[in-house]
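Chain nomenclature is as follows: A, B, C, D, E, F, G and H, assigned in order of appearance, with residue numbering initiated at 1 for each chain independently.
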Amino acid sequence: MKKKLVLGATAAAVLTAGTFGAVSASASAPAAAPAAVAKADATDGNLFRSNHLTIEAATDAAEAALEAAEKENQRVTVAVVDRNGNTVVTLRGDGAGPQSYESAIRKAYTAVSWNAPTSVLAGRLAQAPNLKDIPGTLFLAGGAPVTAKGAPIAGIGVAGAPSGDLDEKFAQAGVAELAK
Amino acid sequence: MKKKLVLGATAAAVLTAGTFGAVSASASAPAAAPAAVAKADATDGNLFRSNHLTIEAATDAAEAALEAAEKENQRVTVAVVDRNGNTVVTLRGDGAGPQSYESAIRKAYTAVSWNAPTSVLAGRLAQAPNLKDIPGTLFLAGGAPVTAKGAPIAGIGVAGAPSGDLDEKFAQAGVAELAK
Amino acid sequence: MKKKLVLGATAAAVLTAGTFGAVSASASAPAAAPAAVAKADATDGNLFRSNHLTIEAATDAAEAALEAAEKENQRVTVAVVDRNGNTVVTLRGDGAGPQSYESAIRKAYTAVSWNAPTSVLAGRLAQAPNLKDIPGTLFLAGGAPVTAKGAPIAGIGVAGAPSGDLDEKFAQAGVAELAK
Amino acid sequence: MKKKLVLGATAAAVLTAGTFGAVSASASAPAAAPAAVAKADATDGNLFRSNHLTIEAATDAAEAALEAAEKENQRVTVAVVDRNGNTVVTLRGDGAGPQSYESAIRKAYTAVSWNAPTSVLAGRLAQAPNLKDIPGTLFLAGGAPVTAKGAPIAGIGVAGAPSGDLDEKFAQAGVAELAK
Amino acid sequence: MKKKLVLGATAAAVLTAGTFGAVSASASAPAAAPAAVAKADATDGNLFRSNHLTIEAATDAAEAALEAAEKENQRVTVAVVDRNGNTVVTLRGDGAGPQSYESAIRKAYTAVSWNAPTSVLAGRLAQAPNLKDIPGTLFLAGGAPVTAKGAPIAGIGVAGAPSGDLDEKFAQAGVAELAK
Amino acid sequence: MKKKLVLGATAAAVLTAGTFGAVSASASAPAAAPAAVAKADATDGNLFRSNHLTIEAATDAAEAALEAAEKENQRVTVAVVDRNGNTVVTLRGDGAGPQSYESAIRKAYTAVSWNAPTSVLAGRLAQAPNLKDIPGTLFLAGGAPVTAKGAPIAGIGVAGAPSGDLDEKFAQAGVAELAK
Amino acid sequence: MKKKLVLGATAAAVLTAGTFGAVSASASAPAAAPAAVAKADATDGNLFRSNHLTIEAATDAAEAALEAAEKENQRVTVAVVDRNGNTVVTLRGDGAGPQSYESAIRKAYTAVSWNAPTSVLAGRLAQAPNLKDIPGTLFLAGGAPVTAKGAPIAGIGVAGAPSGDLDEKFAQAGVAELAK
Amino acid sequence: MKKKLVLGATAAAVLTAGTFGAVSASASAPAAAPAAVAKADATDGNLFRSNHLTIEAATDAAEAALEAAEKENQRVTVAVVDRNGNTVVTLRGDGAGPQSYESAIRKAYTAVSWNAPTSVLAGRLAQAPNLKDIPGTLFLAGGAPVTAKGAPIAGIGVAGAPSGDLDEKFAQAGVAELAK
């Protein structure tokens, strides 16, 4: 396939600080073939970039959601999932039920997958009931999407409160933290 | 936590073309609460960006690896995995053994995790033998990392040839395609 | 059991080129007991043959489906699954939601299992709702079967567009590529 | 990708008898769109063919292996796996240990993956010890490959006897049945 | 397979013959502590006994089911599961869809769990719809129970035909073989 | 628990009393087709019987093992697994480490699979190191087999003490309870 | 995050008897760095405490449930799960169906997660049908919660009787044992 | 079993504040049978108590570990696991490799299971190599135990740095935060 996404000359300069050379070894042996690795560098025309919440931002958002729940004496778990579906932060609140951990992750996953609150998505099942059979999803209120320039970059999920509406209120408190 | 990664004013403008508004619905119902979603937009200070191979580039690389194998009459599977550990491309070559599919994915995953060829990483087990117990990894030659500005962004894995050295030679052919 | 499928004298001559002798070793040791292996050769009366898409054809079809989606600014994942249920090709499109990867595979699996588009199969659930509990299936529009002489040999699945009908339109574009 | 495997004009005429049209419905609804399905028929140039043991042959082989074990008062499980890695036949012998079922499947899978007896493959681990970390494999004697024209088409695995050598002797009895 | 294990007039004398002492070693080392093991022998008051199909009987039943399907040109998989939920026999028929393998096992499992045909059990979901959420079950016609003195000892499952009623007809043919 | 199921002088009369007819419905609907089910009754020639610990005996044994550990101030989990590999009893002792639960089950599974204590089986790995790759097994001291007439019918596994030898001593205390 | 739960000066004195020092080694090596471990001791302000059933109490409850079932000639499995979702006790009754084991665990898990009998929770699905998609749950009657001072600390689940109401009656017999 | 752990009259008063009554419903329906639930309250003699880190403490510790890594320009994931093996907090650091997430959880799990740093535990494999086959464990430096009065209550795991020693140094920074 020959056509390529062209992102322009300024692309591809992200995340280069730090110790990636060293990171190449989680074992203590020195890097074996730096020259070979250098050759592997992809040209800009082969790249696109995606936005992610920093871990600091994601933690702040999760803590804000948890605090919102604690203010109402609710015991919940909070999760933040990125647009790739990977879990970034989990916080299991004191006394939260055992079902809340996986539920929070799945609500977050569902919200970021369709870029909509899970309360809205649950309503859509009336028209496409089998959506809920997609692995990793959970169509229960309590998940809220996070966007950057309108595009989905993360989801925040909360589970454990007596109703999904409460869970989602807390998740939205987490989202609001990110817009400050 | 209060300090935040500051990426500067030009950050966070990626991947906004297309139909993300519409993407919020894989069901046919119209988006329910656009105003609420708009509020969720994260500020720049909460974001960092990562590089990814375009699907066109990843497919080209995988095909280059497969062609290199076919030229030597080898039956292999090729996989490309991104830095988040997600599989981006798989190509199961005609007549490749059943074990080659998952092997190729795991070699790619291992190469991108430590930013080194799996032939090099396999050697490191002498010092840290339990590295190979990490889920999703496979310490067999045949995986090669892809970088952008030196940072790992993907891995290419090949499996099915009579030796891991051959597999890795084909994987490197895929990497070389990206540097053109 | 004594009766056997008789396929005639011309059967069983497929896929013999290449390096299968060598393939017997993914480790570098030489083959140990060629004589013993030779004795294992099954007689024609014990064999039947099945058709598969070549990896070139399957890749072309997947790329055609992805291009059809890109033309309409949709972010999707495409998968091709063979009649044995094995994934042959996956292409995760740039910016496709995380749920799209497994969804595409399952739609393809479902289409090849019943040799019908998943939009049609979803309609059948009205009569046999528990069909959707079969592991590996997904009864959402977006999967299309591929046949050879009318018999199912593969499925193409697409996921990530705002509606299943769109997904299936792209999948059919992939199927059409194979009839050229 | 433009070049295609050319198999010649006689290819692709297999397995068309029977009720595949009907097979498209495991639900009782009539097939919805035969015209559309007809269009999906792949051209010959897009196909290759693979050999498989008929279920009658595979059952005969498994029974022969089980009988060989019973003659020596051994309690074993027997499995036959095809070149795609799918299990075709399993026979859990009376009184065989619980570990024997999955072991037999994995030995068969390993034998067909590398087209060699697992007793030979276990020896190769001295040079490539991490081969045994490939999912689905088991490097214990007791698995034997089945070929057609020298190419691997299936594996037979036996487990449960006091030694792997005994297991493999029984597996070879199954292979021998197919050469008759 | 026509010959059957002859157990004599006393039938069902429990499995004590054979080589269980030797079975204690799947490795080649001699048994280490026979005296200690001898002490472990449980007294009769601590035991109950259960009935199982011999592997010969289970294979005959599975083959009878498969032949019934072949007579009607249906491509199916057949499975036999015992009262402990363990799979005893699987036969994947030539050309059966990939979904049929796991489906057949689950139908057999469901039939033996509730000692009723799955066509009957599917009807019961009207009153207890969540029964179908029990892991390992499948509430689709095609599973039939096998009893001994009225108590459930096994299930036979068939999957792949155009309707569950056909599948179950073939499964019943397998059951009938056991009553001869 | 001190009282035991008294089965009378004939011991081990096979489990035909009770409510199996009723058991056929875990849903509240009445049994649909008793006549059809009656036909399914397998003839004696198709059956063999196996011995199992009664749940009372298995519980007594597990409690004896746990008490033996408590006497030495050890925090452990105890499991009993039958010859089919199914878990019959688990007791997670107060304060036992999280790893002990699955460990105890696997030790019991391993002991009953090869009818030997796991301390002995661990020693055999010197000759057949890949035995430990069989799914479900764990080659650590702490598992002991239970026999009836010398044939393996169950395993008892203990995990959580500072050494496997201690674990196995407690498991043997469980076995001894069954010989009383 | 700076505010902390303050539990008062008397907190944190639980479960210190026994051999935890020794427990740090399931291998036979002596503890390596006691001083370092001593530094890790968390201050009271960082702790909260939770209640658990002792294994003796949990076993008594499970046995009471099983006896209640046996009195009515029902064959069931009983499970006790704690508030963290971990299984504490399982007892597989003689002749209980294979589906009963996992069902009992999930009913117990569901009851403790929402602190309500599963018969009540099943009714709630009318309003929130997707609750049942949460992993690990089963919304079938037969699970009963156990509390301490009104807070949920465990669940008891029973499965295998002809109706969920019977199962739950037996589970309640187990709960009642704990209130004595 | 009659003897019970006696904890004294002051036991069992933990975690009763909040909204547990309401927590019994994650669905919006009102609680159905409060009287019945009240009867389930377990007596003190049936209880023991365990210590847990508050979510605030666990988050502080995880953040301390992450900051320690960031100060040295290392990209890591941090996890906190409680004594029941449940994950309490995860923080995936910016740019951490995909393998680091599960690795961090497993290191924490291993540390709390044996109440020792994983660097020490890895050394013990010389004597008991099969310890590392216990599911959920990872014997790589980077996990540190957290205690209360000397008993293990949690583990902190870090993964992603170039060496396990670095990972463990960061984990110990997290532990130190809890002793303040």
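Everything that follows uses one rule, which is that a residue touches a chain if its C-beta (ideal position, glycine included) is under 8 Å from a C-beta of that chain, and two chains touch if they have at least 3 such contacts.
For each chain, UniProt lists the protein as follows: A, B, C, D, E, F, G, H = Heme-binding protein.
In this text, all values refer to a predicted model and were calculated from it rather than measured experimentally.
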So which chains count as neighbours of both chain A and chain B? C, H
Can you give the shortest number of steps from chain B to chain F, where adjacent chains in the path must touch? 2
Tell me the rotation angle, 0 to 180 degrees, that brings the C-alpha atoms of chain B onto chain D, to the nearest 5. 90
Work out which of C-E, B-D or C-D repeats the contact pattern of A-B, with more than half of the residue-numbered contact pairs in common. C-D
Would you mind pulling out the distance in Å between where the CA atoms of chain A average out and where those of chain E do? 45
Where the centres are mean C-alpha positions, what is the separation of chain E from chain G, in Å? 33
Give me the residue numbers in chain F that touch at least two other chains, ranges are fine. 1, 5, 15, 20, 23-28, 48, 50, 52, 54, 63, 84-86, 94-95, 97-99, 113-114, 125, 128, 131, 151-152, 164
Contacting chain pairs, sorted by label, are A-B, A-C, A-G, A-H, B-C, B-D, B-H, C-D, C-E, D-E, D-F, E-F, E-G, F-G, F-H, G-H
Sort out for me which residues of chain A touch chain B in the complex. 1, 3-5, 10, 12-16, 20-21, 23-29, 31-33, 36-43, 45-54, 56-57, 59-60, 82, 84-86, 113-117, 120-121, 123-125, 127-128, 131, 144-154, 172, 175-176, 178-180
Per the touch rule, the chain G residues reaching chain A in their complex are 1, 5, 48, 50, 83-85, 109-110, 112-114, 128, 130-131, 133-137, 151-152
Touch list for chain H against partner chain B, complex: 63, 94-95, 97-100, 102-103, 106, 122, 125, 132, 138-140, 164
Any idea which chain H residues touch chain A in the complex? 15, 17-20, 22-28, 52, 54-55, 59, 63, 66, 72-75, 86-95, 97-99, 101, 159-165
